[in-house]
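You will see chain A twice below: alongside chain B first, and alongside chain C after that.
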Partner chain A sequence: MRITNLLFSRVGKWSKQYSNLPDRYIKRAMEQVYWRNPKGIQYKPNAVIQRKKYLFTLNRPWTAEFRQDNAPGKRHPKVFVEPIKEWSFFRGDRVEILVGKDKGKQGIVKQIIEERNWVIVEGLNCELKQLGNDKDFSGVYIRSEKPLLVTTEIALVDPSDLTATPIEWRFTEDGQKVRVSTRTGRIIPIPATAEETIDYKTKATYKEQPKDTGANEVTDITFVPKLCTFEMDIMENMGIKEDRIPAKSYWY
Partner chain B sequence: MEKRNFRKFPIYNKRGTRIFKQQQRENPDPDVPIHKRGVRDIGYQEGDKYIVIPEKIPELILKPYVSYRTPDVIQSEFTAEDLFNVIYAPKVLKDFKEGKLDADGQPLEPSQEEKMTAEEAKIKARQTGSDIF
Partner chain C sequence: MANFNKITNICKLFNKININGTRKLINNSIDSRNIFTTNAKYDLMEFFDDKKNWGVQEVKSGRSWNKEELRLKSNADLHKLWYVLLKERNMLLTMEQEAKDQTRLFPSPERIDKVEDSMENLEVVVRERNKAYHELETGENGERPGKMETSVFGLRYYYKMCEYVVPKHMNKRWHKKYQFYKYDKDTEAFLLKYREKLYMTKRRKQRRDFNHVIGLLNRFPNMDMEALKHHYPDVDINKAKASRKYGGHFAPK
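Right, the complex of A and B next:
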């Protein structure tokens, strides 16, 4: 039971992908340690009391809003999430919405929230919120997309006939794993914007900054295997010669 | 405001009041030296002047960040076997092919590394330059 708690509290791979943040930072930003055992042999080592169950919302887990939603002491009713073996929806995929106001409309995936099986489609399935209501001012309307469940409310669009299809992951002759629409058999390629992050569109088009080392310098192998220790190597380079012979010592 | 001399609260560099920092600049207190945070000096003080030694200035070849374009480098562990394969193996192979090994398998024309005896190795292990402590 403890293992599943930890597993379900982890942030999904595709949820973190766009932010390009290191895992260590996300873990550090999310963790809420309430008590840590002091150091000492009389205390149980590595005993921590921390928050294990998080409520994953539309806010990213490393933000302050997420921290507010998961403030210490806040408990929420259990959110039931269907475990999906293989995540098949990527940023930039064309999907069709099957339920709601925008049923039948097709849009492009903008954000993925894997922990709740959510996907945000650009401009569709929105809610209008009225903010800033005053006595005199009627307020502003803000349109924000509502998340869609990947298992029931969304379907990938087959490029050959531009209609919704259920898909399967199959292997090509070359051994590559691809999504195939079960109705037509057409391969649905993974969009190029799946690789996109907030820092770059693709790794190949990344603009090198002045403080970046180039690929040549990083992959350059300058190691020459030598039969001498580090100290001996320095002695050779500096011209230090050791001629003294240490006196023999005996153990009785 | 007199000089501050708390032992429990070190007040290096940018810490302290404005007057204290001014005093430190003109007449530094010997108890509160400048904390260099591990950076080594590039010269020495000669009276009023500071003389820079150009050889002491570190040469930065690699930049702090790596571009996203670099492919992933996977390096396997460099074991003692790999070191043997680089240093001794080519000579042994060459000797074997040319037939320069005698009946026991010892080389007839040993290289510098092959000539080393156990006593020599023990002496080397105790001289400066060994890493066995």
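Right, the complex of A and C next:
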């Protein structure tokens, strides 16, 4: 596995889902390349020197804040992240908080940070931050949610009795993968908000932008199988005739 | 004088060809209106975005074309789409450079990646079609040939072949440029050290993973062992548990 792939695979699927950004952009925005070997005959072709260790916090990898956190030369203490088999918390899930002053309260998952096993629950587990305090001015208090660990600090809520439950991934008879409450055996459906992105609520309600190709035009089948290459077909369409016989050449 | 006449004649010829060419292009672009989304302007302002999008914070755009969708399209459509994408990319890169020059914000830079993704997918689909044709007609895939070679440094790499007018044994320049591995004492010495370096990097990674697993076991005693095995398949977990670094009175927060 290449280093670039390794680096890229660190940004979890669900942490970038809401942003609706192409993977290529996320990779381009977060990578810090210090040296790339020039093309040509090299002892080590395609060698790249780049930052390998990133600190993931609440700042998303494509933002300037992330770049500031991981500025060149900045190092961080190692973060241990518990490996998880499968991610089972999605945006819009109702979860119960198991620790802190909001222990026992239920809330809706607002944001997912898969790299740290974190989830942000709307309006719960908050902290107050004092900003701009001065000698004469007491400052402004800003309330912001703190992240919660999915492994120990929250639990999904069973929709049948609205109490916290451990879950398991199982298959239905149709072969569909579902989350099942191990206490009651009820299926906990994945909320529709899990598919929501910054650009649309659901795929069906996406508002087309001026440069978008319409859905009908995209699915319209214009392909006709033909015994010719792409170039031959285009030349035929454009009326370009090519009868010249190429000179003998050698491939090596 | 004769030479000058020749040149003028050639110029005239080129002019004629050019005029015909542009006319054809214009006609074609009018035919393909179903894909074109902007009004045809045919001037340098085509390199710039719509004035409405100047200085805004964000420009909304859809996603890129994927391969499945492109496979539905005819060659002519793909050809047109390629130029639509190319023009869009040119426009975006111009806008990016302009924003950089004026130290302004370039809104939604992910548009460039979306266009480039589409272009890559389109190229893949076209190559698929060409490969299918060549395999059916000639039994070969028609791609640029290549093979694994050993470089002067004794390292294996993929050598992409080129087309030449003269055969290999007559091509002195090629022989001078491309030298492959022949036994050499110094290179062998280099390779020995190079392989040692690779081995050491591998060992270091193994040790790092092993120690990391111990760290995880110490911090998360109720961890899912299957997940741990899945993430660190090379680490012997029983051996990690037998290590003196495991357990003890270490109590992290």
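In this section, the second predicted complex is superposed on the first by the 212 of 252 C-alpha atoms of A that agree within 3 Å, B and C clash if a C-alpha of one lies under 4 Å from a C-alpha of the other, contacts with A are read in each partner's own complex, and residues count from 1 in each chain.
We adopt the following convention: a residue touches a chain if its C-beta (ideal position, glycine included) is under 8 Å from a C-beta of that chain, and two chains touch if they have at least 3 such contacts.
Since we're looking at a predicted model, the values are computed, not measured.
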(message) According to the stated criteria, A:Y250 is in contact with first (chain B), second (chain C), both, or neither; which is it?
(response) second
(message) Applying the document's definition of touch, where does A:E242 land relative to chain B and chain C: first, second, both, or neither?
(response) first
(message) Once the two complexes are aligned on chain A, which partner has more residues of chain A within touching range, chain B or chain C?
(response) C
(request) Identify the partner contact of A:W35: answer first if only chain B is touched, second if only chain C is, both if each is, neither if none is. (result) neither
(request) Using the touch definition from the top, say if A:F137 reaches chain B (first), chain C (second), both or neither. (result) neither
(message) Looking at A:K211 after the superposition, I want to know if it touches chain B, chain C, both of them or none. Which is it: first, second, both, neither?
(response) both
(request) Please work out whether A:F80 is in contact with chain B alone, chain C alone, both, or neither, and reply first, second, both or neither. (result) second
(message) Just checking: does A:T222 make contact with chain B only, chain C only, both, or neither of them? Give me first, second, both or neither.
(response) second
(message) Taking the superposition on A as described, I'd like to know which of chain B and chain C A:K203 touches: first, second, both or neither.
(response) first
(request) Would you tell me the residues on chain A in contact with chain B in one complex that are also in contact with chain C in the other? (result) 199, 206, 208-213, 217-219, 223, 227-231
(request) Spell out the residues on chain A that touch chain C in their complex, using ranges where they run on. (result) 20-22, 24-25, 28-29, 41, 43, 45, 78, 80, 82-85, 151, 199, 206, 208-213, 217-224, 226-231, 233-234, 237-238, 247, 249-252
(request) Would you mind writing out the residues of chain A in touch with chain B in their complex? (result) 199-200, 203-204, 206, 208-215, 217-219, 223, 225, 227-232, 235, 240, 242, 244-246
(message) Touching residues of chain B toward chain A in the complex: what are they?
(response) 61-71, 73, 78, 82-83, 86-87, 113, 123, 126-131
(message) So in the complex, the part of chain C that touches chain A is made up of which residues?
(response) 24, 28, 34-35, 37-38, 60-65, 69, 71-79, 88, 109-110, 112-114, 116-117, 126, 129-130, 133-134, 136-137, 142, 145, 151-153, 155, 157, 161-168, 174, 178, 212, 215-216, 219-220, 223-224, 226-228, 230-232
